[in-house]
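You will see two complexes here that share chain A, one where it goes with chain B and one where it goes with chain C.
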Partner chain A sequence: MDIATHVFSALYQFGDAFAFLVLSACGLAVIFGMMGVINLAHGEFIMCGAYVTAATVHAGLPLPLGILAGTLVSALVGVVVELAVIRHLYDRPLDTIVATWGLSLIATQGTLIMVGSTMAGVGTPFGSFQVGDYSYSIYRIVLFCAALGVLAALYALFNWTRFGVLARATIQVPHMAAALGVDTRLIYSLTFACGAGLAGLAGGLYAPTMTLVPTMGATFIMEAFVTVVIGGADVFLGTAPAGGVLAVVKSVMTSWQGQLFGQIGLLVAVIIVVRVLPKGISGFVLRERT
Partner chain B sequence: MTKSVLRGLRAAALTGTLVFGSHQALAAENPIKLGVLEDQSGDFAAATIGKVHAIQLATEEINKAGGIMGRPIELVAYDTQSDNTRYQEFMRRVLQRDKVDVVFAGFSSASREAYRPIVDQFNGFAFYNNQYEGGVCDGHMIVTGAVPEQQFSTLIPYMMEKYGKNVYTLAADYNFGQISAEWVRKIVKENGGKMAGEEFIPLGVSQFSQSIQNIQKAKPDFVVTLLVGTAQASYYEQAASANVNLPMASSVNVGQGYEHKRFKPPSLKDMFVTTNYIEEIDSPKSKEFYAKFKAKFPSEPYVNQEAENSYLAVYLYKQMVERAKSTKREEIRKVIALGDVCMGAPEGKVCIDPKSQHMSHTIYLAKVGADHSISFPKVWEDIKPYWLGEAGCDLTKKDPMAQYTPSNPPPKP
Partner chain C sequence: MTGLLAMFRRLEGPQTVGRGPAFWGLFALVLAAALAYPLFSDGYTVGNTVYFFVWVFIALSLCLIWGYGGSLSFGQTAFFGIAGYGYGIFTINFGSAYGFTLLALVMAVGIAALFAVLLGYFMFFGRIAGVFLGIVTLAVTLMLERFMAQTAGPEWRIGSARLNGFNGMSAMPPLTIPWPGEPIVLFADIGLYYLVLGLLVLVYLALRILMNSSFGNVIVAIRENPERAEMLGYDIRKYQLITFVIGAALAGLSGVLYTVWGQYITPSSMGMTAAALPLIWVAVGGRSDLTSTVIGTLVVLAAFQALTIYGSQYALVFMGVLLVLTVLIAPNGLVLGVMNWLGRIAARLTQRAG
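And then the complex of A and B:
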């Protein structure tokens, strides 16, 4: 095998791990990283997106539209959850843990009772391609591009649009924003819905590649939380480098010693980063910049 | 609704108890209590809800026909939530508080090893109605599922002859996967093959890109997949989309998690599974069982081998109690020691081996086609669970209450 094959395979594995980390985490980066709501039901928003995507695809919609439907339904569920539960708990961060954990149990068990223990998959599109001795799934490249696209869109949204400025202002100093005429309740709702929708998008994108079961959200939640915790408060400056660092650690460790060591490496990296940079990577970057 | 009924319902709701199948006409009699600890939610639920339904079906049939020695069966069922500590908690509860006569419990081997010491401690009597990695030599346990000498010593030589001698194992990283992989290694070596590689996957992992590449690098002739739980089942879809295109062999897939029904074809193409039952088996007894099951549970997604194991276990228990004229474990084991506890199950004839208290089985080799249809290229009848007996476990003489493996066999006397 020549060098190019090795390089490509390493890049592919890095991109694959990066996509999974970033897509799992971006919704949580908005809800937890930015808004400070410790959302333990994050996995269930992902599950919701995946289920809606699969259901609409089974009903005859093409996959991209199915993913869009999954994203929108999750965002809608996010609005309802925010209005009913989260809104009352913004100044009680510890209580949000209990409330969202309860929501996650209700969502998992409710899905099991109403939809059944499994849902038929939709099949991965696009097929595969060959590089050297290895064959790769094209859809995985799509996932990597989607992760980059989501990061770019988040950067644009929070830095270049009026909504982004209002959202950042509202979350940093809510009473000042309100005094300047911002409808802070609306902004909170929309920001939460944005996070929930991103979770739904991750679910929709991964739906073709995974088993669809009520507990599927749990497989995302560890990666999502570690990425956000070491990323810190800024959605773009946190999630992107955190995803990059963790993806390198994970793909190198996994290719060297297997999946178990990939997970161990991931957690050790998190412990080190949190110890050295208590405000996360974005806290470090922003302090350097000012 | 009267007040007392309401109170009863509330008590049932509060304790999480659901008592099924008590037949009105027989309810006055002293019922035989059968504890059911199975995962009705959590990661394993897809494969195990059918076990609970199968037990309910058998109980209903037996109670309609007059119960066991005129006594109705009363089920005491708890949802163990795919959680090992729940097994320990509920096992104590059914043995100490509910005082059941027998317990049907467990899917994963981790859960079985979690509750088995409690069954031993309180002198309980448990059925493990599940295929597993083998080796449990415990007089308190009866195992109705298939074991490696039944599933692997048939499957692996067949695969090696058909596809080649380079074998790669991808297994779940806990006692089931580790010990099963040891069996694969042993059988591959005995048949002159070699292991191209092995990887163990932690439970709950759902992303397999790197594992897929490792397999392609090792260039095996076929892959033995011993993946457990719904998260790990994502492997098939991901391997298919990366065009791995290798034949697969398994003792757990299809027969437990009906992956061929859940995933879009052709992701499970050329998967070979040795199982003692799946709903596609085309024999009159199998069709009859399947029809009865679907009549009672029309929305059941699949009738798998563990459902059949659980179903036949209720009838087997009935036969043993009736022959022993007692529900006492010691009396029942005297009947087992006679060596002729057999019955006609949906899969065919099965018998209990007195030395190990495991079951003989008809083993079907199921092949998944490109359209995910099932064919049976080969059937082995009456395969005995011989390994424990040959290795030196003899429960009619001595009860070590231990689990053995090929590398850790029973001590020689």
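And then the complex of A and C:
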């Protein structure tokens, strides 16, 4: 055991925590940042993605296509939910939380009734490699790369595409965007679908690494909330750095005292950060800039 | 004497629905029925009613913080759980002699309130509001659930009380009132019923007085427009913190009574589903009024139990649908809507008569 293996081990755990935080949070962050809506059914969209991925893989599709299917199905469900419920509640942000919580109850219990208490999982691909005395899963590295890829793709989407420009205009001054001919309702629908799809993607990516149960969303939801609360409303200036900071807290606490204390560390970090930076990291950065 | 009189005058006012002889006559009638009810019923049914009443306290706490204060707390179950476990730890360690269970009740509620002071300080003095408040409180309660769920090992004990992980803590003594000769043990039937009913009436009336006092008016002013309340010179953080602590104490009372009722408490009483249920009762009842919250809670609980008997797994789905529909169609609550409608009819009738 020399220094290098220790460093690698620490980096690996950091990367693992970072990927988990960013992937589980970015869907929530997109919806919250764009629309000010906190989607409490976020965990259930993740569950949906994971279930669809597992089902399609069992049906014989390769894993990447299964993950794609999970993402698309979640996004579609997102469109339906937006049209049926969220659309009517844009002027009442607290009520959207309550309504999406109702949806979350329906989804969890509905899945339990229809699919059963558990679903056959998917094996973790790629195997593992050895560094020093420990072996590491290659798939975790893939997940880390996926998290970076998602962040890059979101950056490209919101900065370099027409949809991104319209979406950012809609967030800044909705009625002005509408007056200039932007179909803001369509933008909101697409943004919600995008957030739901990202949740599905997170579910699909993590499907091979965990047991599939109807309540699996709850494992993601706390980390996702914590990251969004600390990050604030901006995905790039908020979620990504918050993911970085929290990943350090989580990986240090986890390797010191175990999984649970990693999570407690996250919670304490959140409570302290909101006391100091009420608008999150992105609020702090943006205030400095203007 | 005049102070007492002024206090009683606050029993009705702008912040609570129901006034005048008609309302209080009905109140007395309902109370009399509630007092007489155990005489015509068996112990099991009475015990079940106690179970319903126990939940009303946590619903009232949510009504206070969310309905009146306008800050949505998802974490009331955290205080529920803390106080419940607290009661268990105290009584298992020190027994029930000399009326200690009553002291344990007060201390457990106090611990929940202290925890709320700590958490509320960071939240309100950090000026987090709106959706963030909901998320932080939810994260706290989920965290507590996870923490308690992993305490299965024998090393997790406080004194002689094992925390027991997911199986929960059980076999704590019931509430006992010291009495010359034989102490009165309040088992989960008629004895506990009268105690809980008394507490319920007391809390309900006290909250009515509190909400119609100047404190309550400030709380409502903060809900309507925090900036305006602040401009008028109120330190809204203090008011919010005090409301939050009172709410936490009520949720804690609910937790202690639940623990006393079933003589057991588990981590899942702080989980996602447990946290959602009070929200449903309060939202369906009508969060901005105490009376509609009480009625709504009892009605929805009874409906939920009936549904659980006939199709247990669909009950939760139904609750979710009910919540979504309430938010979409009657955002102020179904019971409150009906109450206001009845009030308008009564007003029209008296107008016609007069």
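The criterion applied here is as follows: the second predicted complex is superposed on the first by the 289 of 290 C-alpha atoms of A that agree within 3 Å, B and C clash if a C-alpha of one lies under 4 Å from a C-alpha of the other, contacts with A are read in each partner's own complex, and residues count from 1 in each chain.
Note that in this section a contact is a pair of C-beta atoms (placed from the backbone, for glycine too) under 8 Å apart; a residue touches a chain by one contact, two chains touch by 3 or more.
Since this is a predicted model, take the numbers as computed values, not measurements.
Superposition of the two complexes onto chain A shows a clash between chain B and chain C. Shared-chain residue A:Q263: touches chain B and chain C both.
In the superposition on chain A, contact of A:I272 is made with chain C only, not with chain B.
Legend: residue contacts after superposition of the two complexes on their common chain; A:V229 is shown touching chain C, with no touch to chain B. By the touch criterion defined above, A:P93 lies against chain C but remains apart from chain B after alignment on the C-alpha atoms of chain A. After overlaying the two complexes on the shared chain, residue contacts for A:A218 are found with chain B and with chain C alike. Of the two partner chains, chain B and chain C are each touched by A:L112. Once the two complexes are overlaid on the shared chain, A:M210 sits against chain B while remaining clear of chain C.
Looking at the shared chain after the overlay, A:T254 reaches chain B, while chain C stays out of its contact range. The residues of chain A shared by its contacts with chain B and with chain C are 108-109, 112, 215, 218, 260, 263. Here chain C touches chain A in the complex through residues 72, 119, 122-123, 125-128, 130-132, 134-136, 138-140, 142-143, 146-147, 150, 271-273, 276, 279-280, 283, 313-314, 316-317, 319-324, 327-328, 331, going by the rule given at the top. Per the touch definition, chain A reaches chain C in the complex via residues 32, 36, 38, 85, 88-89, 92-95, 97-99, 101-106, 108-110, 112-113, 215, 218, 221-222, 225-226, 228-229, 260, 263-264, 267, 270-272, 274-276, 278. By the touch criterion stated above, chain B contacts chain A in their complex at residues 41-43, 45-46, 49, 173, 199-202, 204-207, 209-211, 213-214, 216-217, 230-231, 233-234, 237-238, 240-245, 261-264, 267, 299, 301. Chain A meets chain B in the complex at residues 9, 12-13, 16-17, 20, 108-109, 112, 116-124, 126-128, 130, 133-140, 208-216, 218-219, 251, 254-255, 258-260, 262-263.
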